[in-house]
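My questions all concern the structure below.
Chain nomenclature is as follows: A, B, C and D, assigned in order of appearance, with residue numbering initiated at 1 for each chain independently.
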Amino acid sequence: MSDVNKVVLAYSGGLDTSVILKWLQDTYQCEVVTFTADLGQGEELEPARAKALQFGIQPENIFIDDLREEFVRDFVFPMFRANTIYEGEYLLGTSIARPLIAKRQIEIARATGADAVSHGATGKGNDQVRFELGYYALMPGVKVIAPWREWDLLSREKLLAYAEKHGIPIEMKHKQGGSPYSMDANLLHISFEGRHLENPAAEAEESMWRWTVSPEAAPDAAEYIDLEFEQGDLVAIDGKRMKAHELLARLNELGGKHGIGRLDLVENRYVGMKSRGCYETPGGTILLRAHRAIESITLDREVAHLKDDLMPRYASMIYNGYWWSPERRAIQALIDHTQQTVNGWVRLKLYKGNVIVTGRDSKTDSLFDPTIATFEDDAGAYNQKDAHGFIRLNALRMRIAANAKAKRG
Amino acid sequence: MSDVNKVVLAYSGGLDTSVILKWLQDTYQCEVVTFTADLGQGEELEPARAKALQFGIQPENIFIDDLREEFVRDFVFPMFRANTIYEGEYLLGTSIARPLIAKRQIEIARATGADAVSHGATGKGNDQVRFELGYYALMPGVKVIAPWREWDLLSREKLLAYAEKHGIPIEMKHKQGGSPYSMDANLLHISFEGRHLENPAAEAEESMWRWTVSPEAAPDAAEYIDLEFEQGDLVAIDGKRMKAHELLARLNELGGKHGIGRLDLVENRYVGMKSRGCYETPGGTILLRAHRAIESITLDREVAHLKDDLMPRYASMIYNGYWWSPERRAIQALIDHTQQTVNGWVRLKLYKGNVIVTGRDSKTDSLFDPTIATFEDDAGAYNQKDAHGFIRLNALRMRIAANAKAKRG
Amino acid sequence: MSDVNKVVLAYSGGLDTSVILKWLQDTYQCEVVTFTADLGQGEELEPARAKALQFGIQPENIFIDDLREEFVRDFVFPMFRANTIYEGEYLLGTSIARPLIAKRQIEIARATGADAVSHGATGKGNDQVRFELGYYALMPGVKVIAPWREWDLLSREKLLAYAEKHGIPIEMKHKQGGSPYSMDANLLHISFEGRHLENPAAEAEESMWRWTVSPEAAPDAAEYIDLEFEQGDLVAIDGKRMKAHELLARLNELGGKHGIGRLDLVENRYVGMKSRGCYETPGGTILLRAHRAIESITLDREVAHLKDDLMPRYASMIYNGYWWSPERRAIQALIDHTQQTVNGWVRLKLYKGNVIVTGRDSKTDSLFDPTIATFEDDAGAYNQKDAHGFIRLNALRMRIAANAKAKRG
Amino acid sequence: MSDVNKVVLAYSGGLDTSVILKWLQDTYQCEVVTFTADLGQGEELEPARAKALQFGIQPENIFIDDLREEFVRDFVFPMFRANTIYEGEYLLGTSIARPLIAKRQIEIARATGADAVSHGATGKGNDQVRFELGYYALMPGVKVIAPWREWDLLSREKLLAYAEKHGIPIEMKHKQGGSPYSMDANLLHISFEGRHLENPAAEAEESMWRWTVSPEAAPDAAEYIDLEFEQGDLVAIDGKRMKAHELLARLNELGGKHGIGRLDLVENRYVGMKSRGCYETPGGTILLRAHRAIESITLDREVAHLKDDLMPRYASMIYNGYWWSPERRAIQALIDHTQQTVNGWVRLKLYKGNVIVTGRDSKTDSLFDPTIATFEDDAGAYNQKDAHGFIRLNALRMRIAANAKAKRG
């Protein structure tokens, strides 16, 4: 066990991280700095301060930050510029929040002179990797304490016993067994894993979902919205410009109302196992669809294809925790370069789980040329005879091969 | 103009290809062989025979083939093994039919001793490329006649005038202006392009859609179905084994009923322009979702990621018409190799445009190991401490870099 | 034939482009502007002026530009930042010159109010594509005249007859049959194609090579040189800073002397055929080796691998003529981003065709950490036990798969 | 420490693995099975038997296998079908031997009922990963003992002290400090790392190299050889058919004589650090060049480019130890599929470090068509006018973009 003076703990105020707080104090005999972030998870943060004080944390060692705008502007939006999805389905809602938490934790460590950081992620999941790769990239000599990999409180019973023994308040829900899921939430999504979901053959219970109504329960009337983009980022909904996080919050509201963005999948974790996860990403689901639509008329074909070819790799980087890596930054340079022309609007119809693109245009950057695409007489804008040579030369290598084969019999 | 003896025409029996038939006879003074294929487009084919006879085609020169099973088994299913989508959205319904038509046309050319082939695709679209690359790959010396690139009947008026002059029967609908869309259909989809759709900012009319009800009009009750896969191919629905084309037809029925598979997009054509297209792919939309789901528990992570990385390239090959190319066959060899373990079942919920995966399992090939993935005590199946070294070494290069940077100040 | 007022011709002053000049005047009855570029091909350019005047070209319509610095700085060096090689071997010496010629021709067209451009590349090669894609990208409405695709002077005899008939001076070498090769030269390389090389089974004649001595004829003593790089570009040789083109000229001198940079290969042209080419790229061969070496200690592993993965695609873009495309610019943005840390020096040993890296270092950006890499005791800089968990988790998915297989028997 | 009954040790008979043998006996109190492989490293193996006996190993527990043919035929050749190089330079000589050793060790473990395996690779290198990923993939429950990560004999002094204390014979060379390099050899290469090489700025000493003369010391006369390929594999040299390992041995002899295949580089290890390595790969260097050459006339362009795009990824898989992974097998399926037409011969000139391709041909599979590629009149085999349309349509998207931009001003 390393010698630790001061540790910055990513602290939610909940049972698990409260036990960690106490365990850190006891085990490392060190000063603890708590850091609680508002990423739009929808919980009040002030109770975390009160709890921290109860553990004897110095007021100047309690950090509660509203990171919502930074989160959406500098993490979520850059990711959506790439139309990022992991394994064809997952919108990376948890993955994209971790690098920001790690960054802020390290900033606080520098500000408070701490030599260690700690988090509440388990030893089986992706989050420990995402947190710690961030820590190490930003502060290579930092000591990292991952209690779930160190202690022996590996069952819920042991955890509760430890809490009880150390006078950590246990809410009624925990006494009753706690949530039947492991959950994580931020402005982009809420996720559910574990327990009731551990059989991938069984349907998730309707009662699990939190942010969206079921498609069945959504309104019977469709709703149209207009999204406006500048340089690949959403800037306005229905003509109303807002800050990044306000826009995403509004999309969440719309998506949640219309039963949009539920997902139930089996994914491959970076640590090597398959895991079943359920996600609600109402706003992100709308945003992805819309971003692809605005790109469809403003992006050159080969640029779009290049992005599509790189996207799964970029998604894996984020999923695996490499946001702060040089390779992620290099790909981001390419992606951001391509978004200069991604300006315009998209009209969407939202209805019972469906996000339907009904129109898209760009006054400044449309590459759609109706005078060429038309099925009617185009007055010479396009010479159909050009296609003859185009096809002949594209076929040449195959014709040569077939000829050679035929000659040899 | 080349000297042509006998030409095999891809003949639908409709106005356009009837005009082409006549024009070929007049322009090239050559014998015409007609080939009409049933790909599940939902139209009767016998009328094509009658019309061909009216043009003086010899009965032995009239070929009407039911290619539905071959189409789905040897073209659609191999493509779905790769989870193929073009530009993030398009399911390639038209693209995948062309190589089969080209192949059969060439077979007929060989059987009838024809030296030329002809088709009714325009000089602006992708289909001319798909047909002709197929022709050239399979019969490198064949002469290709693409009337739309040769003649001067480039407006609907001229076409109708030509038909009238040559006694080609014109149905009422054509006199009234014809369809407001250019359409193509087969068992995988029906597509709409052109005319009313040429403004990508305007919503498509509800009356356009043919195969699917609108989500609004779909049943209020969801329907669950079970799909069974063997080696990556669908083999049974709700326990009932059917032939490939019967399965897809059944999925189309289910999807159409539940408002599934509509798509409205702007795509990039191989010939260099953007084009707006609307598609209905009810069965394919269900199939893609289900195939991904069965892969999610039966495919190794890195194999799945390799497939995802190659998919856009494979999709472009098919979109651009390179089905018969050696590079498509090479990728197919890889894809088919990966599908050996893709066996199992997927449960789906269909509801008003939504295809929701609710469960998946494989008795023979599941890689999901609940004893490892569990959030509960796993009795040592997984050693959480392993994650420490895993993260440390994955972070090493970034730590070295950050250290080096820090030392230099 | 389009109506042309004024055409800018890429004019070398040689026989072929002189015939073209005359043919343009006669065929299009248009004003001709000649453009002759010094790209380091090693020929005097003033004779081109005299010849142009003889054809009645107005002095203000004769452009002779020294583009050597721009060529190496803005085209060759950016390409080498990516370690670009086409098909594993070819250093793209011809390909990279074409976009600059096209750019300058279009600039001159704008400056002189010309509506057309013309070049002397044949209809079988890559150069026509490279020129014309550049023209169209930079001036989409420009008329392009490619005489070799239009006229009927397709044999050497007809060309000479035309020249004779129109009083175009024919040098003795042409009367004697001309060069046995089709050649192209600039500061990066000289190429040989065609004629004597058309049998790929036969060895090229020693007499063909121009810029390099044979390895056999090279000095018996090796020579060491030090190359210094800044942001991925060569900036000094043996401590002497020079301009980009001076550096490359110096490397050519060194390489030529030591028999470095000959290449004999069969390549795949963009127009669909295979072609045998021989190349001398003395300086480029040295530069590529050195650039990889400096990157080896200054570039992060994953960034280097990302570059390697993208390199063949980038090479194809340049080979195929897409320098001015948006996708090439997007990849360049990524590449240039990665080169910020590529600073340092490389020591090379040149000897009879060999370029041998003997040392490399970077004071400012080395990522080589001897305290970690050492085989000796590293005083805890690296914890070997970390490797245990690293391997265990990287193996996990394979272990799960093997276990699952074993269980099923 | 796990409970081990019987362990299979990869045993060279040298000092390090002898210490490991003894240490295993003492530490784990278990039966040891020794496995010594002939991979063409050029050392006698029988002394290993004698030593093992001295340690009390039962005769039936001593395995000495000649794996040379299997090594080259089933590992080296499949890898060369992909033209594999890691980081642009390294021919993977060590990497490709490890999976075979791992496979054989597991076979012996199964045959002898052993529950553990052990190797002598350190905790800093790639080889531990390559061995252990192989073990785990082939026998997921096997116990792995990596002494270098467990014991405290981390300096040479401690190792020698341990040997002395336990009566392990120490050769004079070890007493004198041992080799100044860490070396590994097999039929594909010999490698040097560590110690004298730990400063990447300093040139390697001439005395280090073992298998090749220096280019300076190589014969003054060049030597021509003909290599014949079938399905991508070398089958004969100068008309003489031999077994795989005999062919490679012959190429090593030729390359070594002519100073071919030395390499000095800094590479990125999988465990995250940069490392300087020197390699001699005489035969492999010749083989790679020749394989590319035979592919250049027998492989379709797009297939070749697909292989080039995948090669770095395939190389990383092998370098990182994933030979036995499903993703490596999937790529191999693609690669092997492409090699069906790679038949023919290549002529090479070997001279003082140079491998020069001078000719290549294939009677059965050449795609080089001189009637099309010719610069002379081709009698209509290729219609140059086709290039016009080819270029126009390839330029279309760029023209549309430029036009759109111009219109907007």
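The definition used in the following text is that a residue touches a chain if its C-beta (ideal position, glycine included) is under 8 Å from a C-beta of that chain, and two chains touch if they have at least 3 such contacts.
This is a predicted model, so every value here is computed, not measured.
Subunit C is reached from subunit B by a rotation of 180°, derived from superposing Cα atoms (nearest 5).
The chain pair with the larger count of C-beta pairs in contact, out of B-D and C-D, is C-D.
In whole angstrom, the spacing between the mean C-alpha positions of subunit B and subunit D is 42. Between the CA-based centres of subunit C and subunit D the separation comes to 31 Å, rounded to the whole angstrom. Among all residues of subunit A, those that touch two or more other chains are 268, 271-274, 300-302, 305, 313, 325-326, 367, 369, 372, 382, 385-388, 390, 392-398, 400-401, 403.
Across the complex, subunit A meets subunit B through its residues 83, 87-89, 122-124, 128-129, 132-133, 136-141, 146, 148-149, 154-156, 182, 193-195, 198-204, 215-216, 220, 222, 262, 264-268, 271-276, 292-293, 296-297, 301, 304-305, 308-309, 312-313, 316, 324-326, 347, 349, 351-354, 356-361, 367-370, 372-377, 382, 384-388, 390-392, 394-395, 398-403, 406. Subunit C contributes residues 300-302, 364-367, 369, 372, 382-383, 385-390, 392-394, 396-398, 400-401, 403-404, 408 to its touches with subunit B in the complex.
The residues of subunit A lying in touch with subunit C in their complex are 268, 271-274, 300, 302-303, 305-306, 313, 322, 325-327, 329-331, 333-334, 337-338, 393-397, 400.
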